[in-house]
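One chain, chain A, links the two complexes that follow: it is found with chain B in the first and with chain C in the second.
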Partner chain A sequence: MEDERSFSDICGGRLALQRRYYSPSCREFCLSCPRLSLRSLTAVTCTVWLAAYGLFTLCENSMILSAAIFITLLGLLGYLHFVKIDQETLLIIDSLGIQMTSSYASGKESTTFIEMGKVKDIVINEAIYMQKVIYYLCILLKDPVEPHRISQVSAKPRLDCLIEVYRSCQEILAHQKATSTSP
Partner chain B sequence: MVENSPSPLPERAIYGFVLFLSSQFGFSKYFPDGWLNTLRLKFWPVQYWAVALPVYLLITIVIGYVLLFGINMMSTSPLDSIHTITDNYAKNQQQKKYQEEAIPALRDISISEVNQMFFLAAKELYTKN
Partner chain C sequence: MVLKAFFPTCCVSVDSGLLVGRWVPEHSSAVVLAVLHFPFIPIQVKQLLAQVRQASQVGVAVLGTWCHCRQEPEESLGRFLEGLGAVFPHEPWLQLRRERGGTFWSCAVTHRQAPAAPRAPGEDQVMLIFYDQRQVLLSQLHPPTVLPDRQAGATPASTGGLAAVFDTVARSELLFRSDRFDEGPVRLSHWQSEGVEASILAELARRASGPVCLLLASLLSLVSAVGACRVFRLWPLSFLGSKLSTCEQLRHRLEHLTLIFSTRKAENSAQLMRKANTVASVLLDVALGLTLLSWLHGRSRIGHLADALVPVADVSGLGTASCRLYCLKIHGLSSLWRLFRGKKWNVLRQRVDSCSYDLDQLFIGTLLFTILLFLLPTTALYYLVFTLLRLLVVAVQGLIHLLVDLINSLPLYSLGLRLCRPYRLAAGVKFRVLQHEAGRPLRLLMQINPLPYSRVMHTYRLPSCGCHPKDSWGALCRKLFFGELIYPWRQRGDKQD
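The block that comes next holds the complex of A and B.
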């Protein structure tokens, strides 16, 4: 059973949240981020090249122009490969664990799996990020040494989207606690 | 308040005279007059520092702004650190016994309880939007 809704992230871009209910104990949430817009790409490229041209008129060294082109290309490739998230998926299987997959714009995918035995709770936490305070979903772990946590912040949705995901996750966790304490 | 009136006072006269003397002294450092020409060579190193020190001070102030901003950003805990959830005081606090019909004691509530209260119990607030 699939369900798709549209939300917005903290910068105002549109996010699409897709929920799939495979069974009462297994759910998947798929968050699709807005694509890289041509306008922002053009703006950044123009500013970098204008700055390089300004430096060139000061220094009369043509290496600056080729260096600027190089930097723009490498910067764009690095941004697409390491920073720009295309889609994020959270898969919860009741008795098994939680898997988070992030796929980047260059095609790279990185996956993290956490066993259900280690998960203490899933909560919505708020913290200072750069110059803002944001809400984000966070998985608390039961570590014997120090309960640390992993968070899923790459795509930053707003609170309404987080509440939907939080409610579904809490249903599964409550279901899991009930079945684990019953026998 | 007697001290806030603008009437002349002996302390103010003395401060004014000291300020007048120091400003004349300062001006003569930057623009040596004719009768100081003989002493000009003696003043050159002092004259360099008279320009250099204010410049140093201004640059220090500008760097201080940038440095303070950077230190603030560096000491913000990252998003996946445990310090955004709890700290030593909250972990070690003692649980007082619950008494009937008394206001519960003040303590830090764990984040799971707070979340359940905000987001699970308050369905009617959010389904309206």
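The block that comes next holds the complex of A and C.
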């Protein structure tokens, strides 16, 4: 069973939350971030090239122009591969664990899997960052060294989206606790 | 809890048979290691399983039946399969079924005894997790979980279910030794059933390594005995030995070579990786050395380099002289300034005390103070120029030290392994949900999540000389201002100047 709803993030951009219910014990939440906008890309490229052209008129060295092109290309590739997150997925499987996947714009995927035995609880935590108050989903672990893990780090959804995900996760956790206590 | 059945991907399309594997009750998971085909004699199967259990300390047993047939099984086959449950008693008994050419599976779990407590509805669901047997066998989880209990079937409940799966597959090598070309009593299907993996080169290397290691270990012990004799302790050889970085590097490499050719086998995988990384490091060193020598040899580059380095020696000499002069001047100035104010430095108490001077002492003191003060700009300028040049030289020296340190401690073998065989170094696992149909059991694919490069470097880096600068930035600035000579890149263990 699959359904998709549209929410907004803290900056006002549009986020799409896709929920898939595979079975009563397995659910997947997929949050798609807003794409790279052509406007910001053009603006950055124009700024860099104008600055390079200004330097070129001062120094009369054409290496500056080639260096500017090189830097723009490398910067864009690096940004797409290491910074720009396309989609974040949370897969929760009863009695196995919780898996968080971030897929970047260049196609790279980085996955973290936490076993159910290590998970204490899932909570919504609020943090004050400069002048903003941000809500995020936090997975509490039983590990004394690193007691919590943060999910949905890049797409910063608003509270309504987080509450949806939180309710579904708590259903599964409650079900898992009930079945694990019985022999 | 939902029952998790770990099924190898190599057995997905084999003929019907019995499921052989291990049951982990704490995590309610059944790890299927192989499929045993019909026809078989139950006594021989039980003998084989007892043999494997004793050799590998893993509680291998018959877990259930696997049916891969054209359509729904007929009555007789169904009863035959159920009858097998009586021959090989196992609790719970797993029955997996798949149609030829079909995507979806059906699973059933039967319990022979009445359950102790009433089960919740949906308790007997089965979740199928497919895993690549070869990759799971060869991979190693980081951080390594130590499983102390090696009795058959006993696992501490605190370890994760996945670590237990990896451990089970890794320890059941004996089960995977036979392939379909062997004329054994039973016919098994597993990852090596199409032919056991082996390499002629690896076997030859293994046979040859014993005597070669013995020979080289004795040679190396001879060399280190010569090196430890009394001649090298006397001055000037010991002075040369501590100052020249070649000797340091030689000593370092001698330690490495002793490690590589030691006749003791590596106990665990961390030691094996350490040995392999050391071999790679030594080979890299030799390769770099030969390249450098051949580069220097061509077109008299050594001559050019020597010419370039001669001014550096001049700078160093003049720099030291001007440094001493400046240092003396600063001390003189500070002492005469104290005289000007009527104070004195008390060496015994290490503090400034007041003192009454005679008139002529005050007169001479003020005169000398004025002379030194007006000569200060000249000396300070000389000192500044030569110290900047010397700092440049020291910075280049430091960079070279850092580079040598980096090359010495780079774990090349581990990095190469992470690049070419990423499943060998596993940070964890990742799951993918396969095509799902309502009413059918959930199917997942388990893949290895490789270790990131930063963690590979951190875990497997070789111990290096560790020449970090001793002084912090503040202490360095203070020394520069007062004209003390600085040697920021001393090796650890050197005597203080």
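We take it that the second predicted complex is superposed on the first by the 170 of 183 C-alpha atoms of A that agree within 3 Å, B and C clash if a C-alpha of one lies under 4 Å from a C-alpha of the other, contacts with A are read in each partner's own complex, and residues count from 1 in each chain.
Following the convention adopted for this analysis, a contact is a pair of C-beta atoms (placed from the backbone, for glycine too) under 8 Å apart; a residue touches a chain by one contact, two chains touch by 3 or more.
Every value quoted in this text rests on a predicted model; they were computed, and no experiment measured them.
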Q.
Just checking: does A:Leu140 make contact with chain B only, chain C only, both, or neither of them? Give me first, second, both or neither.
A. first
Once the shared chain is lined up, is A:Gly13 touching chain B (first), chain C (second), both, or neither of them? neither
Which partner does A:Thr112 reach: the first (chain B), the second (chain C), both, or neither? second
Query = Is A:Asp121 contacted by the first partner chain B, the second partner chain C, both or neither?
reply = first
Is A:Tyr129 touching the first partner chain B, the second partner chain C, both, or neither of them?
first
After the superposition on A, what does A:Ile163 contact: first (chain B), second (chain C), both or neither? first
Chain B versus chain C as contact partner of A:Gly78, first or second or both or neither: neither
| message | Under the stated touch criterion, which partner chain does A:Gly54 make contact with: chain B (first), chain C (second), both, or neither? | response | neither
Check: chain A residues flagged as touching chain B and also chain C none
Residue set of chain C touching chain A in the complex reads 1-2, 4, 27-28, 116-117, 119-120, 122-123, 125, 127, 129, 158, 160-162, 428-431, 433, 436, 442, 444, 449
Counting only contacts in the complex, chain A reaches chain C at residues 22-26, 28, 91, 93-96, 99, 101, 111-113, 115, 117-118, 178-180, 182-183
The answer for chain A against chain B in the complex is residues 121, 123-125, 127-130, 136, 138, 140, 146-151, 153, 160, 163, 166-167, 170
Interface with chain A, chain B side, in the complex: residues 73, 76-77, 79-82, 84-85, 111-112, 115-116, 119-120, 126, 129
